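Structures follow.
Next come two complexes built around chain A: one with chain B, the other with chain C.
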Partner chain A sequence: MSLQTLESKMEEFVKVAFDIISFSCIMVLVVSGLAIIASLMGIFNFAHGEFVLLGAYTVYVFRELGMPEWSGMVAAPFLVGAFGLLLEMSIIKRFYKAAIAAMLATYAIGLIIRETIRGLIGGKFWAIEAPIEGVFLIGDSSFSIWRGIIIILTITIMLGCYLFLTKTNYGLKIRGAMENPSLARACGISTNKLYAFTFAFGAALAGLAGALVVPLYSLFAELGLRFLVQGFLAVMLGGAGTFEGPVLGSAMIGAMVPGFQWLRTEIPFISYLLSPVFAEVFVFITAIIIVKFRPQGLIQKGRI
Partner chain B sequence: MTDMKKSKANLASRRSFLKGSSALAAAGWIGALTGGFVLKPDWAHAAGSIKMGIATDITGGIAPSGNANWQTAQFAVKQINDAGGILGRPIELILEDTASDPGIAVGNVRRLVERHNVDVILGGITSSMREAIKNPIVKRGKTLYIYPQLYEGQECTPHLYCTGPTPYQQCAELIPYLIKQGNKRFAMPSANYRWPQLLNVWTKRIIEEHGGEVVLEEYFPIDQVEYSATVGKIKSEKVDNVFLTIIPPGLGAFTKQLYESGFQSNGGTVSCVYYDENSVNYVAPRELEGVYSCLDYFHTVDDTFSNNALAGYNEMWPGSPYKLTAGTAATGMYRGIKLYEAGVNATNGDLDRAAVSAAIDGITNVQGMGGEFSMVPGTGHAAMNMYVAQANGGVWDIIKSANQVQPNECA
Partner chain C sequence: MLQIINKISFFKAILHKQGRVIPIVEILLLILLVITPLFVGDYLTVIITRMLILGLLAISFELCWGYSGIMTFGQGLFFGMGGYAVALFANKADFLQLWGVVPIGLIVGACASFLVAWLLLLGKRPPELIFLALGTLTFAYAAERLVAGWYWVGGGNGMSIFEYLRIGSFEVEPGRLFYYIVATILLLVYLACRLLVRSQFGLVLAGTRQNEKRLAFLGYKVQKFKALVFCFAGAIAGLGGSLYAHHEGFIGPGNVGIGISTMAVLYALFGGAGSLIGPIIGVIAIESISFTLSDIDAVRGYWPIILGVILLLVVTFKQDGLLGFVVTQRERIGSFGIIKSTESKSLENLHSLKNEKKDVSS
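Presenting the complex of A and B:
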């Protein structure tokens, strides 16, 4: 193999690795809020996709008010977090004892948010600019700067969340309240406050995710819904009850999506078996097979 | 200079969107609740008015196009009524919301036929909608039906007339032009449904006839968000032109990934035959720049009739986010109403379906957006002018026009 072909192979490898890691990070970012609420509170938040949508919508509103996109991205987690807090205090807290009813309630909330935003954006699709557009070059291959930034931000945020939950006093209380609520209350910890905070925190993460990914996909009413099913699959795959489980699960789902597409285009035999449509389905099939053999999830409950 | 002015006007209208779109969307919500809306003419005739049913998507996913269709219908009918109606009789408009949902639409369309007893129905935007409502209208309803959207062809039902461009009309001029410009290797990334599949059959045939080559043809789920592998393939296959039929919501991710791969900056070109004046909203400016489209009308088409009609529409709906463009079927809606007017004129006022249908079949040289059109007898389709255009700072520069392109359907 000549040096030149080796070089181009290396370049291609870097390109594929970047694509896989960047989509993996996008999935982690989008699913993390869902994972925190599902794992620490035991609530499957069907409105999660709409929290993501709200974050994206915040960027759009800021832009239409004449402010730069990045200001909307900074504001999104706070605004959506505050919205989540209000929602928890008014509605969600009534459903902690009934998991199924909670799903239905959050589904209804999601529907209301989605259709309201659909009305507000006129049912259309809107292109949103990233604060830093453009590409950087490695050899002949170009890489999206914004995707690069999303990779760095995702790793930072996930590390921050992990340290917060494992190393801080507040994180310990959250884990305690989740493990044994009555004992936590007996120790003088206000579980109500903790739950409200956790829900708001999950909502804030969803809002941030929506704000950061909207430049990649444009704004439309189903933006969050698009990721919801894959999100639940990720939580199932990683195992509800821990923080790092669903994060790992979503990273895997995120890697499989471009990974299978890449296999399909690069390996001649597979390209006949795997159409682009089936490659998407194949992600689910693979995940379900893994769940079948590891029903407790990749990481077992009670690790953190 | 005029281009610059137009592009500034465009930006200004985007600013005022919040007010306009939310108000109209709110109107849409109310419309969905009441179900059916009658717009009576402001004058009367002893023989009564001609009843025109509009069945379009006022709510749901296709609502932006549906509202543009409804506004266009009101505008065209106002023009006709203001000029004395058809042979002295005014047109009464009856709207039913098809709600972007074929299931809901069938019942609502039957109301047009059974309760309102309309003389003609225009509407439907997606092919699935047309398929759902054509039988209740044409067969069971025994009513004339005019379908206004650009579409995949092969609709040959009697008493159903198509006033939007067909695949052949959209490619016959565009593809040879692209090949002449030096584009030899084509990629066809597509959404996985009927329109791209059948459009691509024609496109591929014309590409190969002119010495080009299709090196990639793939069909994706409509909401796919990750295209890195395909974009990588487009690069490694040294594609010259990406003939795009991916639609939103998958579209945004694809155009961005393609642009960021350096495809355009390395000399690659993109073509997409549904892009029109609305595309600036959902495609980022730099990803839209230089893209080729081919449609029956662009705002930059310069003929007196179209200019006056566009000005009249904008005066009737100032600041509306729903524009009179080709990609939303609005130009087909306008053409359809003018076609029906010409048909009733030809029967001397007889509104019987068989009579009007027979007359419409042979109608020629009617004025519409983008110039005159003529029905091709026995096919239900129209020959019309087509324009190849290129996106330039938010406006479409016409780079080639062709008169009376044949539809090549149902022959």
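Presenting the complex of A and C:
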């Protein structure tokens, strides 16, 4: 093999690696909110995907009002977080003792949000530009700046969450409530307040994720559903009830999407089998099969 | 003392008498089923036929959720696959016979649901409820994406069936005859389900819903029972889909995925989960409202949102649905097992078990 082909192979590899990392980061961003709510409150939030959609929609509204995209992206987590808090205080609060009813209720809330937004944006696809366009170069290959920013932001936020949960007093309370809610209440920790705060926090993370990724995808009503399904698979792959598990799982799901794309270009026979539509379905099926043979998830008993 | 006991037994007798409401509702609906097309026009008959077909879908969801505690957002998948199968047979092989359409729907639904059950239910350890709910949701979503992007089955436009259903060489147009065919099928399916849930098999299911762990300790292979019911329900949904495709003359991605699965959930919960007749009432109620509202332009666009609000209200305030207004909790307990308290109890058990596990591991 000549040096030149080796170099081009290297370049290709770097590109694929960048793709994998950026997709993984998006998934991590989306899933973390879901995982935090699920592991603290024992409620699987079916409306989480719609919180992502709401974040994306906020950016769209800000743009329609004539403001720059970045202002919408800054505002999205706060607005969606406030919305989450409101929802928690009015509806979710009733369902702490019945996880099944909570599941149905959040599903209904998700349905309402999705259909409302579908009505508002008129069932179309809306492209939204990233606030910072362009590419940066490493060697000869170019990478989108916006994806780079998402990667950096994700890592910062995850680090922040980790430090918040492990180092602060509030994080200690949350971990205590996660471990044993009744004991936490007996110690004078108001778990209800904690739950409300956590729900709002999870919603805010989802809103931020939606606002950040909407330039990569476009805004459409099913955006949230897609992330909900992928997020669920990520939690299942990684193992529920831990912090690291879902992060690892979402990294894997994030890696599979560009991974299959890459396989298509590499092996000509597969390219027929894996048209883009099949590739997405294939990701789901692969994930479900992995979960079937390793139902406890990749990380079993990790603790922060 | 004796008086008090007498009084109590007297009240019990009254309650018991009052408790038999479900058979009355069933008989009333049966009478309605038989006489309705004689009084309404052809157009309305077609609309009602559609309701009855969707009733099959609702029953299949009810078998999963109300009787074996499998929360499924994937009934639409089997419904749509049944529809797509017969549409393919009609378009590619020109096969339109009724005696073939029914078994095709049943078999396709059963096979597809067996595959899903094998992946989700028959694992090394019993799956959590959330896992089942989201797993089925994933399959439904994946299937919708798949058929929407697959041109051999019509892509986003779906597939139309241009010819009518046939018996021999006789064509069955949507109308009164089609109505009675569907009504007969629905009645047979309903009776079969009723037999199933009232049999010893149904007793095991009721036990499973009450306390899955205990049943497992008694030696029942709980997951296999659940998988069996899931396959049976899948077959019914497939049958519904095959009839739907022929009745509407069309099947598309919208009939496969999340949308129709949500409708199945909504029918059953609105009508009253935990009884077989509840979902049928739910179908009739929701589809009637939908039909009435579709004439009003101002409201039509908001219909999906209204459905979401209805679902939220039912889950929040009236978990036993419309049927809960006439059927006492006691009757349900007597004939079908406790619904509400089982749910919260089994969850509490789960939670306490989880905590115990955590304690042991730490």
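As a convention for this text, the second predicted complex is superposed on the first by the 285 of 304 C-alpha atoms of A that agree within 3 Å, B and C clash if a C-alpha of one lies under 4 Å from a C-alpha of the other, contacts with A are read in each partner's own complex, and residues count from 1 in each chain.
Here is the rule we use: a residue touches a chain if its C-beta (ideal position, glycine included) is under 8 Å from a C-beta of that chain, and two chains touch if they have at least 3 such contacts.
Being a predicted model, the structure only gives us computed values, none of them experimental.
Of the two partner chains placed by superposition, only chain B is touched by A:216; chain C is not. Once chain A of one complex is fitted onto chain A of the other, the partner contacts of A:151 are absent, as it touches neither chain B nor chain C. When the two complexes are overlaid on their common chain A, residue A:85 makes contact with neither chain B nor chain C.
Legend: residue contacts after superposition of the two complexes on their common chain; A:280 is shown touching both chain B and chain C.
Within the superposed three-chain model, A:127 lies in touch with chain B and out of touch with chain C [touch as defined at top]. When both complexes are overlaid on chain A, the residue A:119 reaches chain B and chain C alike.
Touch criterion not met for A:59: it reaches neither chain B nor chain C.
Applying the stated contact rule after C-alpha superposition, one finds that A:257 touches chain B and leaves chain C untouched. Within chain A, the residues touching chain B in one complex and chain C in the other are 118-119, 226, 275-277, 280.
Touching chain B in their complex are the following residues of chain A: 12, 15-16, 19, 23, 64, 118-127, 129, 133, 135, 142-144, 147, 215-218, 220, 222-223, 226, 257-258, 261-262, 264-266, 275-277, 280.
Listing the residues of chain B that touch chain A in their complex gives 15, 17-18, 21-22, 24-26, 28-29, 59-64, 192, 218-221, 223-230, 232-233, 248-249, 251-253, 256-257, 260-262, 281-287, 321. On the side of chain A, the complex with chain C involves touching residues 42, 44, 91, 94, 97-101, 103-105, 107-109, 111-112, 115-116, 118-119, 179-180, 225-226, 228-229, 232-233, 236, 275-278, 280-281, 284-285, 288-289, 292, 295-296, 301. Listing the residues of chain C that touch chain A in their complex gives 71, 73, 119-120, 123-125, 127, 129-131, 133-135, 137-139, 141-142, 145-146, 148-150, 258, 262, 265, 269, 301-302, 304-305, 307-309, 311-312, 315-316, 319, 343-344, 347-348, 351, 355, 358, 361.
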